[in-house]
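Got a structure for you, questions after.
Letters A, B and C mark the chains as written, and numbering starts fresh at 1 in each.
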Amino acid sequence: MKKLLSGLALAAALSSPVLAQPTDILNVSYDISRELFEAVNAKFVPSYAADAGVTVTVNQSHAGSSKQAGLIKEGLEGDVVTFNQVIDIDTLAKAEYVAADWKAKFANNASPFYSLPAFLVREGNPKAINGWADLAKDGVQIIFPNPKTSGNGRYTYLAARAWATEEYASDEAKIEEYLKKVFANVPVFETGGRAATTTFVENGIGDVLITFEAEVLGTLKIAGEDKFDAVSPAVSLLAEFPVAVVDKVVDARGSRAIAEAYLNYLYSPEGQDIAGAFFHRVHEEAAVAKYAGQFPEVRLVTVEDVFGGWDKVQPEHFAEGGLLDKVFLNQ
Amino acid sequence: MATAGTIKRKHLLPGFNLTLGVTLSYLVLIVALPLSAMLLKTAGLGWSEFWRIVSSPRAMSAYWITFSSAGAAAIFNAFFGMLLAWVLVRYEFPGKRLIDALVDLPFALPTAVAGLALVTLFAPLGWYGQFLEPLGIKVHFSQLGIIAAMAFTSLPFVVRTVQPVLEDIPGDVEEAARTLGATPRQVFWRVLFPLVLPAFTAGTTLCFARAIGEFGAVVFIAGNLPGKTEIVSLLIFIRLDEHNYPAAAALATVLLAVAFLSLLLTNILQAWQLRYADKH
Amino acid sequence: MQTSTDRNVRGTSGAQKPRSAAAWSLIGLVYVLGALVLAMPLVLIIATGFRNGLAAWLASNLEPDTLHAIWLTVLTAIVVVPINIVFGVCAAWLVTRFRFPGRRLLMTFIDIPFSISPIVAGVVYLFLYGAQGLFGPLLESFGIKIMFTVWAIFLVSLFVTSPFVARELIPLMEQQGSEDEEAALSLGANGWQIFWNVTLPNIKWALLYGALLCTARVIGEFGAVSVVSGAIRSKTMTLPLQIELLFNDFNVAGAFAAASTLTLLAVVTIVAKGLLENKKGG
């Protein structure tokens, strides 16, 4: 019994909520941003120490964007969220974790950098996959993460649909038929973007990986240009990576100052430079110029243009029984 | 209180109230309460919704993959376990103690480590994969991989249940059979095997039950292809990720029911074994 | 086959030197299968973990995230194992020293977590302490958080390993009977004295053995912990979860270094188990 009590006391001492001003924040992020935020945090900590005189710790949690939003609603205490999709923050706003006007709190729709769905294929592109049309071909195996859990996967769905909407002049029956073929070509839906990359790169499954351009180019750099090729479709969808302070958490913990400084840092020249170095497209001029060479020209359409905004996308496409469920038959 | 008092008087030793209190409160807090929370969640679904979830095609194929793989793993371990137990009990040979110790490895080794080891061994360029792949045998990301992971993690059960029983069989049982003119084969099948049968079945059932629940080792090697290598545990995990809690609760309830059934079965088998032991 | 059974079945008490070709072929089969199924995975993990030398192995394990995962894993064992020892001893004393209605049922109940899939163990705790769970909202209003903290990791580990000590003690204490304790009682010893001086010396090796199995399982638990952890780096990652994370980070060297650390622990467990078995045996 004594052991039990001392064990509990020890555990309590280790995990009791810090009542004083906290010096750590948790950044709950999407799956493929692991390397990016590791680099950001390494630079942010000294920069914040110089400004505020406090050495802070930034903890990270990574998984599919929507899974992460769900975990926060389930009680994961993230001070900031750095997601890859507007609706994942909207759902937190609806549950009153995040201010309703979160998009106005930071520049560019609260999206410090952006990317787009792009393709990674095996060396020499043996299946000749050059655009969205090729994904519906028989015998092509596609890997992208589960749109139910991953913002990355939802962008792929939306980008394919955006292309098909133009191609088939909004003929819904044809669009659906195309998307059904695409989804039927996916042998495995991983729950996060990184797991999808691992499946494609390490496990050798699939002919094409569809993921953010940042992950495509980053993977190419790590895994070797002699093994894979990057393919940019002629048209793709703008993928904003929105950020927000989780008000409910920072107000309870007293960590608002650090959380806001952290997100502002992402917009600073240093923050933008790191994002660019990790193959994210950025807004800050110097960084834009510095990294312009690494991004191919792609015509970008937006969710607003094609689908009338995220407010419409969520109920029409992603709600239970929505348009996604009609084509995602093997879920 | 009256019953507690009468019970207490029957016991000579002290500590009934204390141990009953500690045991019951701990079981309620740690085991019963969480289990009822989930059953409550499932009960909230209603029968038709529950049935729709647990009988969906994807769930059905997950059951089939899980149970058939666990069955195959149990059969492999029934043979390998029996062989190991027999050889370890009957013969003296170099390295016997090492092999005996290694039998415990699957229990001591974290399942995630086992999974990492298996996926590396069976990878196309791995130590085993390089020989199997040219023969067209794909273990990596196929059902064979699931079977390998399940078989590895549940390997000790048959060995460790059969071993003590074999050790306890007195030599004169077989001696008597031999002098009565039984052939060695008859001695094994008619005399020895019936004696170890309860332990052997109990071990195999435990092995099967453990294999059904295995997750850590399987996720590394299975590559979760729905309908091909997706086991029930993994499907529950994915439903949780999708925040489809009703589906997770319903499927978890199915696994729970299977666990209860297998527990019941092992208890019956063990009672049978005890009766056997008493008789002989 | 015939001769082998003929020779070796005779005089079965005690192992013999194999004399026939058939006996040797059975042993040979055990060698081959033992090497392929049991030894190879062990060799692979250790060899790959130390491939780049001891210094690299050490450096990987001293990475802040991995080091924290090691610490959390050890802490979980420190918290969980003593509690389950207390529970196991109480439960074993209760069901082997007393006869009462519902005793069999209780024994079955003690065993339940043993046969439950780890994922289900995680799920049941989520439905109890999650924000949408049975108690989650109530606890949250008091400012108590369990899900995605180390508390949740402790709780699921307690659940998963609760039967381990009891399972070792119950058969042994049942078999030993309570005559010794009753004799001590008649000599005027009180309950604690009986337990410390009579019972404990009789069960100490089995108790240690159960504690060892419990420790090994706590250290290695993956499925249940992964449901309730929230995967916060340097906070709620145990070592088995860290291995998967490193693997997905493309840090294969780091994953194998962490895995080899756990493997070394497993080897220590097996050696300790062997020593304990000798003690138990006499």
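As a convention for this text, a residue touches a chain if its C-beta (ideal position, glycine included) is under 8 Å from a C-beta of that chain, and two chains touch if they have at least 3 such contacts.
Because the structure is a prediction, the values reported are computed rather than measured.
Placing every chain at the mean of its C-alpha atoms, the farthest one from chain C is found to be A. Of all chain pairs in this entry, the one linked by the most C-beta contacts is B-C.
In whole angstrom, the spacing between the mean C-alpha positions of chain A and chain C is 38.
Chain B and chain C have Cα centroids lying 15 Å from one another.
Taking the mean of the C-alpha atoms as each chain's centre, chain A and chain B sit 39 Å apart. Residue positions of chain B touching 2 or more other chains: none. The set of chain A residues touching two or more other chains comprises 63. Residue numbers of chain C whose C-beta contacts span two or more other chains: 86, 126, 132, 247.
Only residues 58, 124, 140-141, 223-228, 238, 241-244 of chain B touch chain A when the two sit together in their complex. Looking at the complex, you find that chain B touches chain C at residues 7, 10-16, 18-20, 22-23, 26-27, 30-35, 37-38, 40-41, 80, 83-84, 86-93, 95-97, 99, 101-114, 116-118, 120-121, 127-128, 151-152, 155, 169-171, 173-175, 178, 183-185, 187-188, 192, 209-210, 212-216, 219-220, 232-233, 236-237, 240, 245, 248-249, 252, 255-256, 259-260, 262-264, 266-267.
If you check the complex, the residues on chain A that touch chain C are 1, 3-4, 7-8, 10-11, 14-15, 17, 26, 34-35, 57, 59-63, 71, 73-77, 194-195, 198, 202, 222-223. Taken in their complex, chain C has these residues touching chain B: 1-6, 8-13, 15-18, 23, 26-27, 29-31, 33-34, 36-42, 44-45, 48, 86-87, 90-91, 93-94, 97-100, 106, 108-120, 123-128, 132-135, 155, 158-159, 162, 178, 181-182, 185, 190-191, 194-195, 213, 216-217, 219-223, 226-227, 239-241, 243-244, 247, 255-256, 259, 262-263, 266-267, 269-271, 273-274. Here chain C touches chain A in the complex through residues 75, 78-79, 82-83, 85-86, 126, 130-132, 136, 140, 143, 145, 147-151, 154, 230-235, 247-250, going by the rule given at the top.
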